[in-house]
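Common to both upcoming complexes is subunit A, partnered first by subunit B, then by subunit C.
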Partner chain A sequence: MALNKRERKNTELKVALAGNPNSGKTTMFNELTGSRQHVGNWPGVTVEKKTGRAFYQDYSLEVIDLPGTYSLGAYSEDEVVARDFLTAGDYDVVLNIINSANLDRNLYFTVQLLEMGVDLIAVLNMADEAEKKGIKIDKNKLSQMLGTPVVETVASRGRGIDNLLEQTVQNRNLTEASLKIDYGSEVEDLISEVVEMLKQYDFSQQINQRWAAVKLIEHDPEAVKLLEREVGASKAKKIKSLIAERELKAEDDFDNIIIDKKYEFINKIIEESVKRPAADAELENVSDKIDAVVTNKYLGIPIFMAVMWAIFKFTFTLGDPLIGYIETFFEIAGGWIGTQLLEIGVAPLISSFITDGIIGGVGSVLVFIPNIFLLFLAIGVLEDSGYMSRAAYVMDKVMSKLGLHGKSFIPMIVGFGCNVPGVMATRTLDSKRDRIISILINPLMSCSARLPVYVVFAGALFSSHASTVVFSLYIMGIVMAVIMAGIFNKILFKGERSHFVMELPPYRFPTLKGVIIHMWEKVGAFLKKAGTIIFSVVVLIWVLANLPLGVEYASAESFIGQFGQLVAPIFAPLGFGSWQAASSLVFGILAKEVVVGTLGVVYAAGEGGLRTALLANFTPLAAYSFLTMVLLYTPCIATLGAIKSETQSWKWTLITASYLFVLAWITAFVIYQGGMLLGIGV
Partner chain B sequence: MPLAMLRQGETACIKEIVGGRTARGKLTDMGFVSGKTVKIHRSSGGPLIVGLGDNRIALGRGMAHKIIVNTGGCEN
Partner chain C sequence: MEAKITLSESMEDYLEAIFNLIKKNGSARVTDIANSLGIAASSVNQGLKKLNQQGLIKQQKYGPIKLTQSGVQAAEKVNCKHQILYLFLHKTLGVKPETADQDACSIEHVLSQESFEKMVDYLIKNNYIEEQSCAFKFMENEEEEKMAAKELMLASMSVGSKAEVLKIESKGRLKRKLMDMGLNRGARVEVKGKAPMGDPIEIKVRGYSLSLRQDEAAEILVKEV
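Right after this comes the complex of A and B.
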């Protein structure tokens, strides 16, 4: 048994992928694990570590994809995730994914890892891009100078993957000495002294003492904290004051000296192992040419607006006829199944469950697959192309007036797909204040789950202006987000300003594979949601519509009717005081599509389906007020859950849930009562 | 002079990075270190777009003030 266990252990490896943003880590992860994992061409798409499995020969590899980071400095939440994982050391090998076309900056991180004593394989990824630029890398020389294996790959085309896996399993027991950079006599003398002092303490046996000393000399806050925790404040102070004393005598701050020496070391490596054609730096590349237009002072924002409008038009113009087909399909199928069930003598209750409950409820949500499909297709292309970070750049002008910077705009765009990843994407923001404000306003970005509600109402009540009405809701969401960000900026923690640095990756043609994986993943998630939560809620509502026993289906006397009547007065001043509307909003908090699902179930009894029922029960003004409510009110439980886990605070979660409800109510009230006064849409 | 004061299209050599620990750390992580050539690709009121080798980096004005440069490229 014992032998078996060891054998198993020998063939099981834990491998971490680490590297700079835009080095192709996630593409590599997909290539290794075959996972359906989305890759975005903007910094920080992976904000949480993700695990998958790869198999090679007899080996089974647990592969962990870490968020991209430029160093172990960790200035934002996503970088902290990567740093904590790497310093904890619970892995066999790190595959350090390096953008070959951008070697010097990428090596800064590599060198930091090697200094720490991490067992790593330097993976020269995107080798094709380097080749295209005429960059030649002497792998052997590089490997020798770094003291670690070097492998060349092109993850996006699957090139070099087998070799990488081979090297990974062969080097699973790398125990080479950590890299030593000569920091000059001044610093080196101090390092030796600090190492001597550290040796007195037990904890230093488990860590790389030289590395710890360097970190302390750099005044790395994490290292100082560790020291204080392990040896107590007074002993730690002795080491700290020795460093401070020497620093006074030194010609520059120690951290500056250390950074400069690191880069000197890297420059030497580059000089000896890399050949690049002269004078190509001056050549303007295609990305620069696109940027000259896209980030133009005057054109930037109009272009961004046009892109949003194009995405919107694409989603609707292409989606609408498809929705029509699916709708017709469900109508015919519902009718046919209904008569079939009647003919074979199935109890009316079961027949009602299938036609009213499942087809009326879940069916009315599934109709929107084409829209969701197209919306995510468009967002996928936007993300993968590299335009996302340009949009963030352009929007900096607006965002900076709100005390945020352009980077805060990326989570907002992600929110148009779904607010859960939108809230998570705020991890890339390094100031707590920016994060909280961005999280608070993210639910105002109209997510894809609200789309079905808009389309049903707009189709029923605003036929000729349907797309204008829906677009106006998206704009209203953005405007409200801007207003609320301004207000939060005024009342919340003032002052704390963050540093705006954001990489603009080169534009890339989105690959069909990448976009399809992205789209399929989202549509799959939507189908799963339809099959689980939406289905369950719809069934629950159908049951409530049939109880107490003997009640007329979906009447005011049914449980759902009684419940709706209880809540309805809250919404009466907004123009939709019916119990049906009220209960759909309450259950909509479970998932926003459920608003349509609920209406589908409770109006299913009527002739002519949901649209006819809406036409009979809503004026255009009341419908617009209702849609405003759906846009702005309390986010779904999944989003609230994400807010709770990201802020680690019930306070912010409850504040989000409640301020949005109040905001929604007031806005809908103003729209409805204002419209009544002016006599619009009544 | 600070990088923020250069005009669009101008090239400069980084002399040093000043400012607080976090700002300095973030800049050096991105490759802004002394001896590197930077080019201003865009300077029109908002954040700068700076070329650093083949990288293009958007840089807030505040951050761009922390990068001290000599005008003209680096010697080598």
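Right after this comes the complex of A and C.
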């Protein structure tokens, strides 16, 4: 294009969407950007970053969907991201999305932004809901009192979007003076004094001094940290002790006074610019009525269980046949390509590399797609409808005993189907601590891929008690998860008090568009991030099982076979020190069910021969110890890939892989050696 | 008041003894308490158990005994009654100091609040006690407690009741979070319901629904409206 730099700058805007959770930011984001979206991560954290592009007239807008936040206080990783972005100031305009039906609380955030000096447009979204409740807002008055443009929208129906875009480009160079709230003489005097003190320091030229002073006076930990970093601890102490000294004499703590004045200010705005129906029409009470049933003392838990069961069925019963098609497709495609390659004279090893290694690798990534697709369709509906928060509310009592959040229940349940979507479902948790602990213990939920291993062993060695043995393994996984959650809480996150101060948003009908986009993003993220890891490891293991040149696949002479021989002694105290058992565990990293197939190959057992081979090689005790190992040890590569992509950290991925291995070894050791001592099943 | 009390089981004596020992030595051990009250260590242990149940003392196994906040208050109060009785007997009636002390020791446990206040009034009028006397503190406290009787914890409100927030007792981040969610002084709240297992609870504040755990709601003081 023939634009010079300056012109381009003039028509390129960076616009951020900020506001309370559930105010409609993402819906607005989807409206503005359509399919021109990109989902990534904010650097160094597990928080999703959504950016997209919108075009209006000659303007091109980069739009950023910030995580929802109620204040600049920043209590979770998400809120820190939003706060840091807003304070850094690298944007042209902030679109502050406000739920018009709940101005009181939404304006609290708006006022904080305006005090800080953020150039924003107040977007009165959900105008339809406000209308239904009979709330009338005088936009001009509100705009005048806030000192900033006000626009009305209904994001879910695309109403008012053009006007919003128009206002955005018109106000691209908005430089309103920051909002001033009168905090009363006591605080105001102190503010002036602190501002005077701040003026001595260079760093204060770049910030809003009044705002910084207010933050210091209300003991905002971030503000105090910033001050200490900029001027040193001893000079910071002067300011801090001035504030402390005044606070002693004041009639109340300053943070109380400041917050009260803020709400007073908001109440005044609402009084003058909002008309509410006299008898707060009990229209909205649809939500309350649904709540009365859904969180009912007797019905709450059964309803929750039914919903969980439905999600599980939906994800796996519907998904598994689809997985079957994908597997069949890749088998046929692999077979066909294999014969074609052989016909044109490609060496068998190369042909096998392409069909089994590469095509097999792609296949092992794609088999997860149906489950992820369906699960996030279900989760999308749960979240957008508002039930997700109620599920957390109903289960919090139990989960808080484990030091977890009510919402952690869902990833756990999903984990029984497959740990990959289980790990991905931890995205719904707000605090990093809940997220990490839920991820760390998710592999302990015995996924469906482990069942074939249990079934084959139990059928061969525990004929009459087979189902008891399988059931005991599921229970063992849950017990271990409870124990480990307790331990991680103590050692990794000691002293962090979790809370459950959470909004229960009104029930709403989810929009198809929102749910589909949400689901699509998850699949995309999985393919891009976890997919590459899974694919590389599948190919690598294929190569190691076929080298050195000329060996039979997975035989004792292959690298993996040799590795199996090398590490077999580690498993001897657990009752299964053979290289066959060891290599089957190595292959189990590909996917847990592969353990069975590998045992078939390494014992050179044909159909039905595996049973005899197992009877010959395992005592019942050793078999139970082996199954314990399969249950608990290092999760499959797909799960590890998902963990890496969710935590954005190799550290947590390696911690999961290694703690589980150690846990598995110790548990199997106790079981086997304990059993030997007691003389059970030897 | 030390040696003369022989076999009294009164909890107040224990409290007083612990209080004085802590003041003197910085800590109180079972043997010291037994010595100062002149009774056997085994009965001291029984007494301590009761105090512990009432939340007046904290005792780690075999560790020193500490008074809880309410323990300190109770002990201070007994102590104060003792002082006032002593002054009253000695200054106004002219009882000998030793006798006054001994009698104060016996009467302090049964003295009613009314008589206590009247004695204080009388002593003040006759300039026998000074401004900083413990008596002022306890008369004020009593009034505050009466005032505070209407203060309730949000956690103790029943479903359907409405209240106004008086104070957030939480500290640090939790306090800020609660206030950021709109639970500041003067905010109107309504208890909407409890989760099936009784915890957390759902309240309505500033037109929206908020959930809180019981222990979080216990730190929010409200008055019913």
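To be clear about the criterion, the second predicted complex is superposed on the first by the 343 of 682 C-alpha atoms of A that agree within 3 Å, B and C clash if a C-alpha of one lies under 4 Å from a C-alpha of the other, contacts with A are read in each partner's own complex, and residues count from 1 in each chain.
As a convention for this text, a residue touches a chain if its C-beta (ideal position, glycine included) is under 8 Å from a C-beta of that chain, and two chains touch if they have at least 3 such contacts.
The structure displayed is predicted, hence computed values, not measured ones.
By the document's definition of touching, both partners, subunit B and subunit C, reach A:71. When the two structures are aligned on the shared chain, A:301 is found in touch with subunit C, with no touch to subunit B.
Of the two partner chains placed around the shared chain by superposition, subunit C is the only one that A:398 touches, whereas subunit B remains out of contact.
When the two complexes are overlaid on their common chain A, residue A:263 makes contact with subunit B and with subunit C alike. In the superposed model, A:104 lies in contact with both subunit B and subunit C. Of the two partner chains placed around the shared chain by superposition, neither subunit B nor subunit C is touched by A:229. With both structures placed on the common chain, the touch criterion links A:503 to subunit B and to subunit C.
In the superposition on the C-alpha atoms of chain A, the part of subunit A touched by subunit B in one complex and by subunit C in the other spans residues 70-71, 73, 75, 101-102, 104-105, 108, 255-256, 259-260, 263, 287-288, 291, 295-297, 389, 393, 396-397, 400, 497, 499-504, 506.
The residues of subunit A lying in touch with subunit C in their complex are 70-71, 73, 75, 101-102, 104-105, 108, 255-256, 259-260, 263, 287-288, 291-292, 295-298, 300-301, 389, 393-394, 396-398, 400, 497, 499-506. Within the complex formed with subunit A, the subunit C residues making contact are 173-182, 184-187, 192-200, 202, 206-213, 216. Chain contact summary for the complex, subunit A toward subunit B: residues 70-71, 73, 75, 101-102, 104-105, 108, 133, 219, 255-256, 259-260, 263, 281, 285, 287-288, 291, 295-297, 389, 392-393, 396-397, 400, 405-406, 430, 497, 499-504, 506. Within the complex formed with subunit A, the subunit B residues making contact are 16-17, 21-31, 33-35, 37, 41-42, 44-47, 49, 51, 53-60, 62-63.
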